[in-house]
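A short worksheet on the structure shown next.
The first chain written gets the first letter, and so on, giving A, B, C and D; residue counts start at 1 in each chain.
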Amino acid sequence: MFRKILIANRGEIAVRVIKACREMGIRTAAVYSEADARSLHVGLADEAVLIGPAPAVDSYLSMGRIVEAARRTGAEAIHPGYGFLAENADFAALCEEEGIVFIGPSSAALAIVGDKVRARQTMEEAGIPTIPGMKSVSRSPEEFRAAARSLGFPVMVKASAGGGGKGMRIVRDDGGLVPAVEAGRREAKSAFGDDSVYLEKYIEEPRHVEFQVLADNHGAIVHLFERECSIQRRHQKILEETPSTALEPGLRSKMGETAVKAMRAAGYNNAGTVEFLLDRDRRFYFLEVNARLQVEHPITELVTGVDLVRQQIQIASGGKLSLNQGDISQRGHAIECRIYAEDPKANFLPSPGRIVLLREPKGPGVRFDSGVLEGWDVPVHYDPILAKLIVWAEDREAACRRMSVALDDCVILGIHTTAGFLGDVVKHPEFRAGRTTTSFIPKQFSSWGTGAGEEDARRMALAAAAFDLLTRPTGRAGTPETGPTKGTATPWTTLGRWRAGGDDLYGL
Amino acid sequence: MDFEFLIDGSPRRISLENRDGAVYFREGEVAVEAEVRRISSAELLFTFGGRTSRIHLARDGERAFVSVAGREFVITEPLPGTRGPLEGDEAGVQGSFLVKSPMPGRVIKLSVGEGQPVRKNQALAIVEAMKMENEIQSPAEGIVKKIHVSVGEFVDSEKPLMEIESTK
Amino acid sequence: MFRKILIANRGEIAVRVIKACREMGIRTAAVYSEADARSLHVGLADEAVLIGPAPAVDSYLSMGRIVEAARRTGAEAIHPGYGFLAENADFAALCEEEGIVFIGPSSAALAIVGDKVRARQTMEEAGIPTIPGMKSVSRSPEEFRAAARSLGFPVMVKASAGGGGKGMRIVRDDGGLVPAVEAGRREAKSAFGDDSVYLEKYIEEPRHVEFQVLADNHGAIVHLFERECSIQRRHQKILEETPSTALEPGLRSKMGETAVKAMRAAGYNNAGTVEFLLDRDRRFYFLEVNARLQVEHPITELVTGVDLVRQQIQIASGGKLSLNQGDISQRGHAIECRIYAEDPKANFLPSPGRIVLLREPKGPGVRFDSGVLEGWDVPVHYDPILAKLIVWAEDREAACRRMSVALDDCVILGIHTTAGFLGDVVKHPEFRAGRTTTSFIPKQFSSWGTGAGEEDARRMALAAAAFDLLTRPTGRAGTPETGPTKGTATPWTTLGRWRAGGDDLYGL
Amino acid sequence: MDFEFLIDGSPRRISLENRDGAVYFREGEVAVEAEVRRISSAELLFTFGGRTSRIHLARDGERAFVSVAGREFVITEPLPGTRGPLEGDEAGVQGSFLVKSPMPGRVIKLSVGEGQPVRKNQALAIVEAMKMENEIQSPAEGIVKKIHVSVGEFVDSEKPLMEIESTK
């Protein structure tokens, strides 16, 4: 087993990997940019190496500096987390040359699945159903126009190296095509350092269902069942759950077997995910392989009882897979909500800035994978993910109720976050009924932030602000600095009742 | 006592009384009496209708951040004669608009030049933050009078990107 | 289902029950003594009722005031938690008379199992093996002397209404008998309001293995496997785990069936636990029934995936048990460490006082059931339990490593706690080997707080205190009040190395 | 710079230097050089031997509470001429002992009376806290000179319970 691992990432996923290493008795080296000097992951690792200025291209995307940091710290392996270099075949190849173990697929496997176009070709040859689309990337507007016409609008612009919705655009007519392709290119470039994009037929209101796979370096492959990730905004997942309400046992095992077949066709190793689109007629299409540990991996961990990061490390160190397909089962129901630094009231605009108060949700069946601290400034340079709130319970309804309570308990002040919005998503009758598609949010939440509950909350907030000014015990404003004991100055102040409407707030 | 607040940028006038140790809230028609308990400088318990709700509150400078039942609000006291910056907000300059970025970020594209006529909602610039591109559109039909930023520059939500002189 | 439940308890268990109720959409009423006006459970409930002054006999043990609080708040049911009135048959009977549902066994069942002597008689009649002992309680020193002689020393003084080690004393000779009986009486009185005690043969170095049982009001009974609770100090559990390393499948199912048989014999309903002693020859003896939700219930929840508090409430509301014995299985391994306000360096003397800094452990598989807040004063009047740190992992070794890391991350400053001590327990080779008996701590940890690791830690603490005085950014001393951003005044100060011995600290 | 501390009641003398922005620790024979980083007023990172350890520190009055690798210590600066109270500690009174409770609690039993002779380790009183009884024993053979508390009274770890006059 490795003695030291370098984590080539930041935020909650770096923290997650460091914790796994500590528990395995493996020492850790963190890397950080100048913007992350005071970030949580830096303080938790055994060592931390400054690798460059804030922009990702000069730090977390800089292959040379990361490999050099690994050499300097004597790390035998690099865990790339997700995003940044996680699915970069060149980086995996560089590690292989340098004799550093890349904790992920081989560069060969990455070259196949990391390139969406090559991946689709491979899957078609293996007889796996795929979505109609361009057979190759292109730079010429004409080729895009031609492809779009032959596929028929609406079409989707996708980044060849993409993932996480970056570089994706829906195009419904000729006019929007070229600007969408340009924008996709720019986003793809800044997100992945590769600006190639292509077109695909856009399937209306599909479900997004993916299967987690583990493959060791000795040919053993198993799947750990599905994750439904249909709840998306801006083509990016914001809530995931497992099991999916859309799969009955027969379809579940058929898709699971297909996922294993797909990974075998790609010569895949380590942890990966096969994404499918499930259309209204329960037909499923291969979408792409996510050749990395995914943001939403915890819900699979909670339902199968398998620690995916530990498995990644054991597989990368050459270990044989300790799991047989027959040993793996689903118990209960898990949901993940992504807490982003975004403003749901303003079309999910990014919301960087200082976190002035942080109260983390906790309790039985509640897991909060976080990369932030109270008093910390959320930098403008990186992904807006702050934390992931994951709950497990015996069944879906219990999990929804647990998530709803946990989201109410999740308090992050100073910036906008998606927490309150997600609270309304899990309370929504359509969601409770399991009727989730990728157009759930655009359809059900076109305008969020109004309604009786909202108005009551706003009124209580105003009352609280006024009460705070009147009764604040110390002159020093209500920064989180003052501890729970400070309140004693204010006695109970007892009166009658709020108008009944106030109860709207608490409907669950 | 009367309070004038901006909540998420929109003005509200309320009154809160501390009558013989008790708290009465009023806003126009809506009268409120609630049991209020401070359990820390950052946490208040409001009880009404037998229901207790936990309110979190923290200040950063003159802004108060308040969380109620999973919803967050920013509350400020308005500076006399001014208002919080809003995209395409009229800024006292007659017939012209100061265009600002809705969030901090980096200007990655300027789609127009000074002196150029623009339609309402025409793309003026693209600002990127946290890997998301956000298109800044013209608040009105007019002419680009002045451009205050250049590509690659970081902007906050205060600094004007450009000035549009209305022609309608 | 109930619309409102009153929780007749305090601390972490009150918080635990309130969370379960919130998730079930049930409103909650808390009760509190004057010493608990600012306690965590008071702020979390929908309502809170002051029931009296600090001493438990005037508040949490006052049946009349608690029933009156239930009437005033309109609660239809009372959850007693553990301790206080949880196993008091008179209180259960009072609730029955008042038409309030007592969330626990019927007063009739409590009268049988709550009285250790009657319980043993019942079990003997049902053919369940018990420990030799006095057939009835007594007040006459002569009877105790006679019983002790006939049983043969060593003998154990036990409180008839007892539990949690309260009122228990080992006696190894005639001389120590009467003082031990007196002390046992006083403790029993103050803990349970009942001073009757009796004698039992003391079994040397047994394992303490208990089985969790659920019984509905319609005759259905299942067990949820075992908990091993051998790690004790002062005859009180401080670390529990499941599964037990001592049980092979055959013995496990035999003991499980015996537990169900025992509860059937007692006409038991709701959640309860059958405690056994397992001697060196794998013989097991019925010890007692814990007629309540137990402190260590979470490890069963994590390994079986069953929420015991939710089950308690569903059963109490008249629901049929939703579980069949065949559905219940053990997955992975769970360990609980009890964080007490006690000084392990001074024979576990109580350590009430102000918590000046609190950092809660967290992460995948980590659960922290806590009843305390930073800045809060731990009162002198009640049990010293502050919180429970519970971990789950795929296997015992992984769980031990996870617990070890979590205990290092558990920081409670201002009072003494058992956290650091427990960290050394889980690192101990004898514990890692699974060789745990009730004499593990007296044997292996007669003197704790010395050793190379300890001395290095002390030296680092001194260095930290000095460094803090030299570099403290603000004049205001290092109270927890200052947020993470305040540190910026101090730059990196970089130098060479500590002597190698420092690494002792990080064994594991 | 030299420091004199009491750590969990026992005195230690150390020196810590801030030489050109760097920290050197010395105690007798043991010399220490470590990389130290303050990440908050309550948290320090010590790095040595390539290993980083997180140290938590908080103050309450003149006491500093420090946590290192799951171990907690109480560190104070000794008041000139005095020491922290210890059970059976000699308190300047020649040939007599002030008996104190090792922890705060309630006196539930006094086993002796004034003027009564006592053996070393004889039970003098029982103090209860958090439902645990703790027997207070005589630090020496002697006579109960004075009893300062009564049954039912709350005591902290400062207040003397009684005074024992040594007869040895």
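The rule is short, and it goes like this: a contact is a pair of C-beta atoms (placed from the backbone, for glycine too) under 8 Å apart; a residue touches a chain by one contact, two chains touch by 3 or more.
Note that the structure is predicted; figures quoted are calculated from it, not measured.
*Asks:* Which chains, if any, touch subunit C and subunit D both?
*Replies:* A
*Asks:* How many angstrom between the C-alpha centroids of subunit C and subunit B?
*Replies:* So the centroids are 50 Å from each other.
*Asks:* State, to the nearest whole Å, the distance from the C-alpha centre of subunit A to the C-alpha centre of subunit B.
*Replies:* Using C-alpha averages as centres, the distance is 29 Å.
*Asks:* Please work out the Cα centroid separation of subunit A and subunit C, and write it as a whole number of Å.
*Replies:* 38
*Asks:* Residue numbers in subunit A touching 2 or more other chains?
*Replies:* Residues 38, 354, 375, 479-487.
*Asks:* Subunit D: which residues touch two or more other chains?
*Replies:* Expected reply: 39-40, 43, 50-51.
*Asks:* Classify the inter-chain contact topology: is it line, ring, star, complete, or other?
*Replies:* Per interface graph, the chains form some other shape.
*Asks:* Name the touching chain pairs, please: which are they?
*Replies:* A-B, A-C, A-D, B-C, C-D
*Asks:* Under the touch definition given earlier, write down the residues of subunit A that touch subunit D in their complex.
*Replies:* That would be residues 27, 38, 43-48, 375 of subunit A.
*Asks:* Mind pulling up the subunit A residues that touch subunit C in the complex?
*Replies:* 16, 19-20, 22-25, 38, 298, 301, 305-307, 310, 331-332, 354, 360, 362-365, 367-369, 373-376, 393-394, 398, 401-402, 405, 479-488, 508
*Asks:* Contact residues on subunit B for subunit A in the complex?
*Replies:* 1, 3, 5, 7-8, 12, 14, 16, 18, 21-25, 27, 30, 32-44, 46, 48-49, 51, 53, 55-60, 64-73, 75, 102-106, 108, 128-134, 154
*Asks:* Show me the residue ranges of subunit B that touch subunit C in the complex, using the header's touch definition.
*Replies:* Those residues of subunit B that touch subunit C are 39-40, 43, 45, 47, 50-52, 54.
*Asks:* Quick check: in the complex, which residue numbers of subunit C touch subunit D?
*Replies:* Subunit C residues touching subunit D: 166, 183, 186-187, 190-191, 234, 341, 343, 345-346, 349-354, 356-357, 359, 380-384, 407-408, 410-414, 416-417, 419-420, 423, 453-454, 457-474, 477-480, 482-487, 489-500, 502-503, 505-506.
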